[in-house]
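Here come two complexes built around chain A, the first alongside chain B, the second alongside chain C.
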Partner chain A sequence: MNIDDFVRHFEGAVDDVAAGSLNPQTRFRDLSQWSSLVALNIIAMVDTEYGVELSVEELRKCQSIEELFQLLSGKKK
Partner chain B sequence: MNNPFELTGRTILVTGASSGIGRQCCLAIAANGGTVVATGRSRERLSETLRSLPGDSHAGFPADLTRAEELDKLVQQMPQLDGIVHAAGVQKYLPLKFISGQALREMLLVNYEAPVLLTQSLLKHKALRSGASILFISSLAGLTAVCGNAIYSGTKAALMASARVMALELAPQRMRVNCIAPGMVRTPMAQQMATVVSAEQMAAHEKLYPLGFGRPEDVANVGVFLLSDASRWITGQTLIIDGGFSCQ
Partner chain C sequence: MKAAIKAISYYLPPRIETNLEISREFPEWSADKIAEKTGIFERHIADEGVCASDMGAESAKLLFTEHGIDPHDVDFILFCTQSPDYFLPTTACLLQDRLGIPQTAGALDFNLGCSGYVYGLALAAGLVETRQARSVLLITAETYSKFISPEDKTVRSLFGDAAAATLVAASETGSVGPFVFGTDGRGGEHLIVKTGGLRHRQAAAGKAAVVDEFGNVRRDNCLYMNGPEILVFTLRIVPQVVASLRQKSGLTEDQVDHYIFHQANKYMLDLLRKKLKIPPEKFCEHLAGCGNTVSSTIPIALYHSLKAGRIRESNRVMLVGFGVGLSWAGCMIQL
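What follows is the complex of A and B.
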């Protein structure tokens, strides 16, 4: 798992976000595009790309893309 | 005169009997005098279901119905059946952008292919008595849209469409085929859905139901009616059980 790939996948899961416009420190819940649908996309992306089951409660605990990445890396082991 | 709503003397196969709606159907069938033949993947939870049934004529056969050998083995062991409840099913949220061929095929396999092939096999082995009632647990999702449910909805709508054709084909043998389309029911499947959409969203969603979310008994009781003689003239139908959601 690589943080830069993860940020790109994250961008792919949010509609109307240009590739390269997000970074690990991005506080994703503050994005204007953020919604419960996007949350659903993130959970699906994590499952499809990384084979990890993420719950919405776990997603809630993360503020930045990097924090989410740490959480997933932990789960994948 | 016999009570047409009772299932006395009738043997009913229930799939997905280990939990949720399937399990509740077993309880309701037994409570109304029927004999249950239960199948599910979990040997343990199947035994638990059987232990909780009144009466001692019931039987359990653990099986994974997506595997041809296990489906065949189950069918070979079947007694003469007066009904089937196809309650086995899985749900996973897959927004359109993230649908994979594999995930699509998996859900289609459990929710559509397995119940159809099981029905076909039972018919071929002459395991269904004349006058048998076949019931598919479909879903309101097969009729209405919720984001992330494209595949699940597809599998549930497929059941409804095929059930209508089966109803026509089997009418000469006085067999009936119907679907139940439940709205959101409090089952383990719903709990798993809540881990993805959050408890708050679920609560907000429940406000859209005039009578709130359903309980497994709400579906099982209608199942008993459709399996019984009281619904003798009902076939090729989908009964929507949704606490008023779709009437708005």
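What follows is the complex of A and C.
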């Protein structure tokens, strides 16, 4: 798992966001596009790209893209 | 002796709600976006005063006329709904009278949603194969529209009203089974109408709507769905059910001819199809014109797959229902 790839995949999960506009420190809940659809896309992306189950509770605990990445890296091991 | 599905018909109430009508109330939720995200273009909505039982009766009448079935031959009614006419009497009892089914018939309601059709097949097959009944009328009928708040664009876009009627009886050639069941009550709160039952007869006076962490408005007396939680559940459980059913039936991936999952929404169906690596020609998607009709999605999809010739006699078809409860069930069928 690579943080830059993860940020790009994360961008893919958010509608109307240009590639390269998010970074590891982005607090995703503050994005204007934040909605249950984005949460669905993140859960689906993590399942499809990384084969990891991300629970809603785990997503709730993460504030930034980096925190989510750390959590998922831990799970993948 | 094996029980099998002998006939299916279904009924959609006439009034249609289009994506355009929904999008007029939500500026950023365009008709195109609704279609793209859900795969749904229209959903049918029961009028005020039209209950699940009314649609159920219509679907049964269609079953009788379309398939030349005599209601006097039915000796058991199973009615699957989460929108009964009354707490009591049992709605299936009222249907016995309405449909002219003999008084010697058994009748009962069971309360399930998206998993309801497969559970219904299990109950019906059990009755037939133990010779407790010969000809079971299984009706699934739902009016989620009556629980849905006009402010909730997500559930408004997804759910439609419908009823389906299925006849299950002994068969020389067809079968239903094996079955896989599952339940997780921890997820009960993720798809719920909180008030109106006896736990909370009415919403607390003056209780305002609450906005959840995703910006969805929830009212206790309306249908609430936590989409992300339901997605996590679906992605975990459905692959397990599919694997379990293949193993129980002794079938390889290639030997299952067709898959009909609960038609929740296109987003979820596409994810499941790709995750399970099911070829598109083996995978049923039928919801564009009716939306998510809860326990009727599988029989409606099965009806259309048969009509279009995508499923033929002797095909091995896998059905998987999953959702509210949380509850799930899967089975193999041969027609």
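Convention: the second predicted complex is superposed on the first by the 77 of 77 C-alpha atoms of A that agree within 3 Å, B and C clash if a C-alpha of one lies under 4 Å from a C-alpha of the other, contacts with A are read in each partner's own complex, and residues count from 1 in each chain.
Simple rule for what comes next: a contact is a pair of C-beta atoms (placed from the backbone, for glycine too) under 8 Å apart; a residue touches a chain by one contact, two chains touch by 3 or more.
Given the structure is predicted, the values throughout are model-derived calculations rather than measurements.
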item: First, second, both or neither for A:V56, with chain B first and chain C second; value: both
item: Partner chain in contact with A:M45 - chain B first, chain C second, else both or neither; value: first
item: First, second, both or neither for A:A13, with chain B first and chain C second; value: first
item: Which of chain B and chain C A:S36 touches, first, second, both or neither; value: both
item: Overlap of chain C and chain B interfaces on chain A (superposed complexes); value: 36-37, 39-40, 43-44, 47-48, 55-56, 60
item: Chain A partner contacts - residues on chain B that touch it in the complex; value: 93-95, 97-98, 100, 103, 147-148, 195-198, 201
item: Chain A residues touching chain C - in the complex, by the definition given at the top; value: 34-37, 39-40, 43-44, 47-48, 53-56, 59-60
item: Touching residues on chain C, where the partner in the complex is chain A; value: 37, 154, 213-216, 226-229, 231-232, 235-236, 267, 271, 274-275
item: Chain B-facing residues of chain A, complex; value: 12-13, 36-37, 39-41, 43-45, 47-48, 55-57, 60
